[in-house]
Every structure is written in C-alpha cells, then in structure tokens.
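Both complexes below contain subunit A, partnered by subunit B and then by subunit C.
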Partner chain A sequence: MRRVFSSPLLWTAVVFVILPFVAGANPLHYSGGFIDIGTTMLCFALFASGFNLLFGHVGELSFGHAMFFAIAAYTTALYTKGFDLNLFGFPYHHDPGGNMLLALAWSLGLTLLWGWLLARIIVPRSSGIYYSMITLAFAQVIFFITYKFGDFTGGEDGLQGIARPQLPGLPADWLQSSLHFYIFAAIVTFLTLALLYWIIESPFGSVLHAIRENKERARFLGYDVNKYRVNAFVLSTLFPAVGGWLWAYYQTSINPDAGSVAYSGDVVMMSLLGGIYSFFGPVLGAIIYWEMQNGVSQVTKFWEAWIGIVFVVFVLVGPRGIMGLLDDLRRYGISQFVRRSVSKDARMETDLAEELPPVVH
Partner chain B sequence: MAVAFRTEGLTRRFSGFTAVNNVSIEIPEGGVRTIIGPNGAGKTTFFNLLSGRIPPSAGRIFFGDRDVTDLLPYQRARLGMARSFQITNIFGKLSVEENVRLAVQAVYDGKANFFLPSSRMGDLRTKTEALLHDIGLFDARAALAENLSHGDQRRLEIGLVLASDPKVLLLDEPLAGMSPTETHATVELIKRVAEGRTVLLVEHDIDVIMSISRTITVFQTGAVLATGTPQEIRGNEAVQRAYLGELAE
Partner chain C sequence: MLLASINAAQILDQLVNGVTLGMLYILVALGLNIILGLMGVINFSHGAFFMIGAYLTYTLVPITGFWPAIVLAAVIVGLFGCLFEFALVRPLYRRLPEYTLLMTYGMALVFAQVVRRIWGDDAVRVDMPAALQNPITIGGYDLPFYKDVFLVIVTAVILALVWLLINKTNIGVIIRAGTRDAEMVKILGINMPAMFTLVFGIGSLLAGLAGALAAPIYAVQPNLASQWIVLTFVIVIVGGIGSFWGAIVGGLLIGILSSMMELIYPPAVELTGFLIMGLILLIRPRGLFGVEGLFE
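Up next, the complex of A and B:
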C-alpha cells in the first residue's frame, strides 16, 4: 500500500486542490463572465490518462478514444433524461433516471463492451498506422450515430437539460454550484486515477512496458502479447468513460463534439505535452492545454495556432514532455540541463552515464 | 535416451530459395549440440523454425513427444524452450534489473494475478537477484540495458533466456563480437547452464566449438551434411572439404 500512496498520487491530489485557484480553472469566476474549466480539466485528465495507457505504456496510438468518452456521456444523458426508442419495430421506453451510480454502471458497461469488441477485432489484426486508422474509423461510426440518429441522440444539437444528480446526505441542489461540482469531480477523478496508477505499477504494467520496448522479446519470453494488448485496450476505455460520465453531468448538455476527431486528437496533444512515459503527464497536459486555450483565446482568436506552435516546440525540444524535462532537471541539475538543451554532445555524454530508466512519474 | 527435439522433413522456402531442405534430425536431451556450417547453410533459419519465429513450408517439429509445429512462439516458450538472437534482442530502454525481472515474471503468466504487487509472486525478487549475480550483472542492474557494453548485453540476453529455467536453450551466435575475456566468461556460463539442460548452439569459433560441444551437426545448403562428436567431425572428409578446409586456408 505504501507504494500506492507515494508521490505521483500525492502530487495529483495537491494539484487538484490548487487547481480552483488557477485563473481559468476557478469555479468562482463563473458568475464573473468566465466559464470555469476546472472540471473540464478533470474530465480530460481522465480521458487523456486512459488514452495514454495505450499510447505511452503499450506504445500504440489509438486515434479514436473520443468514442468511449462519447458513449459514456450519451449513455448518461439518455439514462438521466429518459428516451423512447423504436428499434426495428420494437418500441422501448425508458423513464428519466436520477441514480448516478446506475448511470455510471450503464456507461461503463456499454463502453467496456464496445471496447472489448473493438479490441478483439483490432488488436490481433493491426499495429502501427493501421491500428490508428482503424480506431479512427470506428470512432467515426460512433460520431455519425450521434450526429445522424437525431430522434434518439438529438443530432447536431445534442441533448440538453441533463439533471445533475443528488448526493446522499446533501441538499438536492448542492451539485448545482460549480465549485461543489468541481469538488465532487476532483474526488471521483482522483480515485479513478489511483486505479490507473495501480494498474501501471503492477506486474501487468511492467509487461505493457516490455511490449512497448520489444514485442518480439516479450513473445519469446513466453508472454501472450496479444492478450495483454487486448486487456490494455479494454482497460484504457474505462477512464474516458468515467470522464464522459462526469462531463455529461457537468455540462448538463451533450453534443456530437464529444466523440469528434478533434477530441481524439486533443488527448494526443495533451499526453505529449505532459509526457507520455509518466503517470502524471497526461493529467498535467490536460490542465495546461485547457489553461492555454482559456488564456490565449482571450487575447487572440488564433489561439489554436499558438497552441499548435507550443506543441511543435515540445515535440522537437522535449519528446518526453514537461514531466521528462522536469525529470532531466532533477537528474542533471540546472547547469547540465541547460548544456544538454543546447548541445547535442553534452546530451550524448550524459545519456551514456544515464543510470535510471526513462519512465518517470 | 529421451529426445529433446525431433524434426521430420522440415523445409523452409523463401520465394524460390530453399533455406532449409527436408531436414529430419533428432536431438537427444542433455549437453551442448552445436550447429555449424558455412554462411547461408540455413542454421539461423533452422533456429527460427524450431522457436516458431517463422512457420515451416513443410514438415513437422516435435518438442519431446509433442508436435509443436503449429504453436506460437510464446506457447513454445511456456513448454520450456528459450532462445537468444543473432542480433541482440533485449529491452534496451528498460533497466537491467527490469529486463531480468520481466523474464522471471513470465513464468507466472496465467498463473498469478498480475494486478497484485509483484511481492505476491513468491520468490520473484530472490530469483531475479540470483540470476543477476549468475550473469555477473548485479552491479550494473540499475543501468539501462542499451547502455551496457556489447558483451554485457549478450550476457544479459543469455540471462533472459535462462530466467524461465527452460529445458532447451537455443543460442544463436552468443559469442559474436565479444572480446577474448568476454568470450571466456560467456563460454564458462554456457558450460555451467548446459548441466542438466539441452543447449543448441550456432557458433563460428572453432576452438570454442571443439571444447564445448558434445555433438556437432554440420549444415550445408540447407541440409545436414554430418553429425558426430567433435573428433568425428574433425576427421570427416566431407566436412573438411565443405567447411573446415575453407577455414584452414
């Protein structure tokens, strides 16, 4: 248990406590004309971290993880609002539901089922660029269902008026407050991320790293590599699902953007920005991405271009992201760090003396 | 004597070129069996067929009594077959200790719950440390595998192969590119691990081959030219013409 509560999770908790005091994330700004993004950061921290279980730890780039975010968000919305469905002549009616745990159970159930089906189809048949393209294709299927299946999903407009749930022992309107919802979301996010940390640090997580580094060696050691790839894929859908569940309640509305290519791409950027070899990287990436968007978009309408430039600089200068740079700083001290940044020779020199593996927290 | 490996009419063709041609061979348990032959004789292809890296075009492979022709590499590994590669094949970006630990842990795959801490996996830690001492890399355990010297990397790979305590080891040119000191240490290591196991070796160093092998099989153009003790092979005229003679010149 000691290891579970070691630093990366502690940092996460500390950051979640500090976050409401950061400009864009401050829920108290809501009334002042800002739309607070603290809770958005949390939803995307889950989304990006789940995606990065595949990207950073198994070394496989899914370009469609927004579909899992969307499936959970739409499931929560439909469960909460109730719906009528006429499926090939079989009418089905569902009354509005207020039980958030049942909404979560349905969301996770459907997401994991879909994730498992896809993993069984995709994993044994593809890797590399084909893997990315097939995940993208399946995500487009989900996107167009939400977009075109108007009677059921609300089409382009999506679904509005999703009632926030009531927490036991608290007033019915407690979660209506942005700040309260942030607190609720932070606790849920933290607990879910603790589960992810457990997975990464377990022997299962080590095998994923082995697969990332050398699939063939892992196979010849006796590991059923595809079994691990399938299981990692299924597990990676769980975190976007919890994020999507929170997202639906937080926004109180949902539209096809949730499952868009843009979101699938955003989490790639967040993970690379924060650092894909680190547990905390995608969380940090999600926070910085939304803070930048919030800050830069107030200054210029070309905010996406500026975020793009920052992203390119990071890919070139620090391929291990902010967490990688912090790790180097800690390892080499400031003077060596600067030398390494400017001189390739210094980098090679220190790399040869390297004693620690590159997986950082 | 019990048989470790048996092949029946094993053949592998690469677009018109036959690398391994109708090889039927029996390898008894125990000791070092070295496979020699000129470049392109099909030694490595034969290894790849035995370990499941590539499927045969025809023929069957038996491991003990069991037909393993259609088994995947990881399934063969679980039966007790482990191999090293001609080009070093390790987890370069992971530490030496992590490399060895993963190899030891592989034995527990499917038997232990991999979501519980590794401390639950019995003697994983002691086994890892013992193996690190065995291959002489205990002091380098924290280093990244890719930063080791070539010889140490080759030894690490032998360590990975040994981790599962396999019945049969397939070592593809384990001494390639090693310095004389490293070669000596590695030969001693191979001799040690060969006790109670079957080691299949592809090697070029004649002195090593003669000192280490119980039997030698000579490959030529994808077929077995001769099999015998080192003395018999040394005295075999066909072998001298095909292979040793070429070296002696």
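Up next, the complex of A and C:
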C-alpha cells in the first residue's frame, strides 16, 4: 500500500485530474482557456518525459528531440488531411484519413525509422557535448524540410484544418469540446507515461542508470553499452511522437516551429526545472513552464528572457530541479536544508556525491 | 536540375558569395573552437555574441565612423565575453560540460530578448563607406570589393594573428598545453582560470568581429543568433572539434558548397551543411582535422 502511495504514477494521475481546474489560473492576470493550456501541458509532459529518458536516465543531452515531435505531428496532419506527392516522377495520392490509430501507427513508425537510423549513426560515434551538437544539427534537417518543401508540408504557414478524430461509441463531434479533448489527452498521456515508468523501473532501466553513473564499469559488467544507448535513444523518440500526435489533433494545425531549436530547448528547460532525476520532474517542468509562459507573456512580450533567467539560475544553483529541492527538503529537514543552501561546508558535510545524486521519485 | 543552363558567370557569382560567407563562418567557428579546445565547453551564446557585434556596429557607425565602429564593436563583445566567463561560466567548471551548454543556451534566450528590447524586432541596415562599395575588375569580372577582397584580407590577417598567438607566444604555449591537460598546467603554477577568461574573451571577440563585418552585408535582425549558432556547430563538427585548420577548411567548404547549391537545387541550400556533416560523421566521425578520442 505504501508503495502505491509513493508511486509517482499515482501523483501524475492526481495532477492530471486537478490540472484543468488550476492550469492557466495565474495570479498575474486572469486568462480564459484554463483547459486549453492544460492540454498543451499534457503534450509537452510526454515530450519532455521522453527526452528525459535520455538526459536524466542515460546522462546524454539530446538537443534535437523536437524533430520526433515534428515528424509525428506532420505525419498525423498529412494522414488526416490527405496529400499528393510526386517523388521523381512517381505520383502518389493519399485520401484524407480519419482513423486515429492508423495515424498513430504511421507517426510511431516513421519516428521509429528516423530515430533508429540516427541512433545508429550518432550514438556509437559521439558522447557528451559532441552528442548534443550533432542531435541539434540533425533536428535542423527536419526543420528545414518542413520549412522549405512547402508543396508538401505547407512551408512557413504549415498545415491547417486537421480534423479531430472520432472516438468509437461517442458522438462524432465529442472531441471538439476542449474539456473532452483534455480528458482524452489525459488518458492517453497517463497510459503512455505508465509505459515509460515501467521501462525506467525495469532491469533495462537499471542498466541505463548504471551507464549514466559510469560507462566503463557498466561495460566491464558485461553490458553492451552502445546497444543499450541505441535502444534508449530509439525508445525516447516514441514519447515525443505520441505527444506530437496529440498536439496535431489538439491544435488542428501545425507549423515548422514544432521541429525548431526552440522546441528542443524548451523540453530541456522543462526537464531541468522539474528535475531530471525524477520520473515526475519533466511532467512538473512542463506544467510550470507553460504556467510561467502564460503568466509572464501577459505582462511583457519579452517573456522568454525571464524564463531564460529562471532556467540559468536553476542550472547554476539547483541542477536537480524542483523535485531535487523537494527531495533535499524531505531528507534534511527545513533547518538543515536552509543551512545547506547558504553554506558550502554544510553541503560538504551532508552530501558526498553531489554530482551523482540518487534517483528520486 | 538543368545543369547545362548554368554559365560561368553564375558560378563565379556564387563562388564570390560562398567565399564571403566562408570568411565569416571561419571567424565565428574559430572563436567557438578556441574556447572548445581549451576549456572543453560549448558556448551556445556564441551566436548571440555575433549578433551583438552586428548591432553594436549599427549603433556605433553614426557616432564614430565605419572603421572605429568595427574595431570597437569587436573589442566590446570581447570584453563582454570575459565578463560572461567570469560571472557565469566559472561557477560551472566543476560540473559536466553539458551544464555550461545549458547555461549558455538559457543566456542565449536572454540575449535575444535584450537585443529585441534595445534595437527592436525589425531588421536594421548598416551602410558601408563609399570607398568600399565600388566593385573591382579582375580578368573581366566585376568583384564586389568589400565582400570579396576586403573581407578575405581581414580574415587572413586575423587568422595569421591567431596562429601567431597560439604557436609563437608564451600564452599560446599555455593554451596548447592546457588543451592537452588543463589540470597538469594548473599544477605547474599557471593561473588557469585567468587563462580561461582570456581565451573566452578572444573567442567572443572573433564572434563580435564577424558580426561587425557581416553587418553591412546582411540584414541585422534578432533571429541572426539562432541561424548562425547551428551552422557554427556544423562547421565545428565537419572541421574537427577544437581544431584551428578544421575551422578554416570547414568554414570555407560549407560556405562555398551551400552557395553552389543555390545553382543546383535552391530549396536545399540550408541543408547542404547538414548533408556534409552527415557524410563526415559516417566516414570520419572526429571531423576533417579532429584529434582522435578528444571528444568522443
């Protein structure tokens, strides 16, 4: 029973239930669209959690995960709207499709293919910051394809008028309502996050943690480190893909921003703000990021600067994010926590391995 | 597509554009590479420094005139780089280099907004002096003097200076030794943090100078930073991380080939650099001039 209550999945479910009532209700300004911003948070919770499977659990910083989000969103959009393609003189016509599961299958399939190809190229050849630069550069390839090949992808304007799907046994326009779409998105997000939780808690997840802590030792224990890194990369692309699939239906339009450096950077910031060593961290980060965006953007049009400053402060003094701070608070108590945050010596006393913190939930 | 319809004049035109672009790429990438080589960290704000250099030139030209404005802009950006290193990069020395990348990414967002706040959202133009506007005629072709003669000379001089600094001075000896093993150099009694600040300043100065030189050629606008930083990464990967010659060959290669792509298949111009990068990764992951195992 205790295990159930300490499970981050339970907390995720609780948060998803209360989110539509509190999201967007920022104290700086009243704004409508409570539920709409909740759905945005869900899509990005999936996106950031997938990214964090690499950053938090394997210790590898990918700066290009927006490409998988964009591939899935564009695939869903094109599948739903239909398209005409002329590849080297071979015309191909696709009628508009309404089957959301088929759209998901195509999205996941294409993401998987591209993710696997990239993983095979990037992972064995790089690590550290080199890895970050290469993933960023490859993400730009997808960005420029969506941006430049306008006949197919709609170019700068993107694609509009993506029809939301029909759920079996429900009226055709059921998903048109913001609240209904939120419920649908929350269930999908929860189930997908449960899958991610299962992956992280599995023996496979433990090997990833071992690789994060010490690649050499993991290798000496007999694990094929590069194989695990490739598999983790491929798995981590699937969660942004589900997020992108939801995002296309939710927005009913899509533009090249979805694959931009800014989106890749946003999930990095979300994960770090929430806490990269925690399962719930990226979910919390996505919620906080959009809450800040929603609040600050009504006060100043330079809101990105303020989010940037908050992020830099976290990188400098609290790299384990909000979940890390909460964990410290629970572990040391308030007085010791305050002492630790002001005195370097107190930190040395209580924390021998700041660089390698344990996984917290 | 229609390769036969491309004539020599068009090829020359694109070559000229490519060389111009290449010169600026070289300066920016070299700045990033010097920092990367010695300190092992990536400065995501490097593109922002480039942009700030361009905007400072725009502000300074009416006050000081063209020549002092370029020098001043570069020096200010260089000093700003020193300050940036001292205040924000230094606290992250003990951490993984990823955290410096993250911090500089956050600061790049801040700089982009600060630039929008000061200079506005719209593109601004910098006029070059009349003396530099006239084309120069070589072998029957008119070459734009500023873009092709002046920029090449300036870049060559700067490269020579950086080469001399690295290879012929005491500071250069420390930089080269520090690139191999910063810990060991520190034990020998060298003030490495001061060295890091200096090198970071020089790298930033090169970015600022490139921005100042680019200001009369390209529209100066707030998204300049994000456009350039990714290409700089690509050049560094192609040329080899931390390599002097890598930055030069990578910059020229990508500058010229992406200009040539304009003739072959215009929608793919921006993709050229990435295609080259993909190819390099497959056949020579450390880059053309990279040192094996340094950053793998």
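One rule holds in what follows: the second predicted complex is superposed on the first by the 337 of 361 C-alpha atoms of A that agree within 3 Å, B and C clash if a C-alpha of one lies under 4 Å from a C-alpha of the other, contacts with A are read in each partner's own complex, and residues count from 1 in each chain.
Operating definition for what follows: contacts are C-beta pairs under 8 Å (C-beta built on N, C-alpha and C of every residue); 3 or more make two chains touch, one makes a residue touch a chain.
As the structure is a prediction and not an experimental result, all values here were calculated from the model.
Undergrad: I'd like to know which partner A:G308 touches here: subunit B for first, subunit C for second, both or neither.
TA: In the superposed model, A:G308 contacts subunit C only, not subunit B.
Undergrad: Applying the document's definition of touch, where does A:E213 land relative to subunit B and subunit C: first, second, both, or neither?
TA: first
Undergrad: More residues of subunit A in touch with subunit C or with subunit B?
TA: Result: the larger residue contact count on subunit A belongs to C.
Undergrad: Looking at the overlay, does A:M270 come into contact with subunit B only (first), subunit C only (second), both, or neither?
TA: In the superposition, A:M270 contacts neither subunit B nor subunit C.
Undergrad: Once the structures are superposed on A, label A:P203 by its partner contacts, choosing first (subunit B), second (subunit C), both or neither.
TA: A:P203 contacts subunit B only, not subunit C.
Undergrad: Between subunit B and subunit C, whom does A:I121 touch in the aligned arrangement: first, second, both, or neither?
TA: second
Undergrad: Can A:L221 be said to touch subunit B (first), subunit C (second), both, or neither?
TA: In the superposed model, A:L221 contacts subunit B only, not subunit C.
Undergrad: So, A:I322: does it touch subunit B (first), subunit C (second), both, or neither?
TA: Neither partner.
Undergrad: Under the contact rule defined above, give the subunit A residues that sit at the interface with subunit B and also at the interface with subunit C.
TA: 355
Undergrad: In their shared complex, at which residues does subunit B touch subunit A?
TA: So the residues of subunit B touching subunit A come out as 51, 53, 72-74, 77-78, 82-83, 89-95, 98, 101-103, 105-110, 112, 114-118, 121, 142-144, 147, 160, 163-164.
Undergrad: Tell me, which parts of subunit C touch subunit A in their complex?
TA: For subunit C paired with subunit A, touching residues are 40-42, 88, 91-92, 95-99, 101-103, 105-110, 112-114, 116-117, 226, 230, 233-234, 236-237, 241, 267-268, 270-271, 274, 277-278, 281-282, 285, 295-296.
Undergrad: Give every residue of subunit A touching subunit B within the complex, in rising order.
TA: 3, 198-199, 202-204, 206-207, 209-210, 213-214, 216-225, 351-352, 354-358
Undergrad: Under the touch definition given earlier, write down the residues of subunit A that touch subunit C in their complex.
TA: Residues 61, 63, 121-122, 125-130, 132-134, 136-138, 140-141, 144-145, 148-149, 261-262, 265, 268-269, 272, 302, 304-305, 307-309, 311-312, 315-316, 319, 355.
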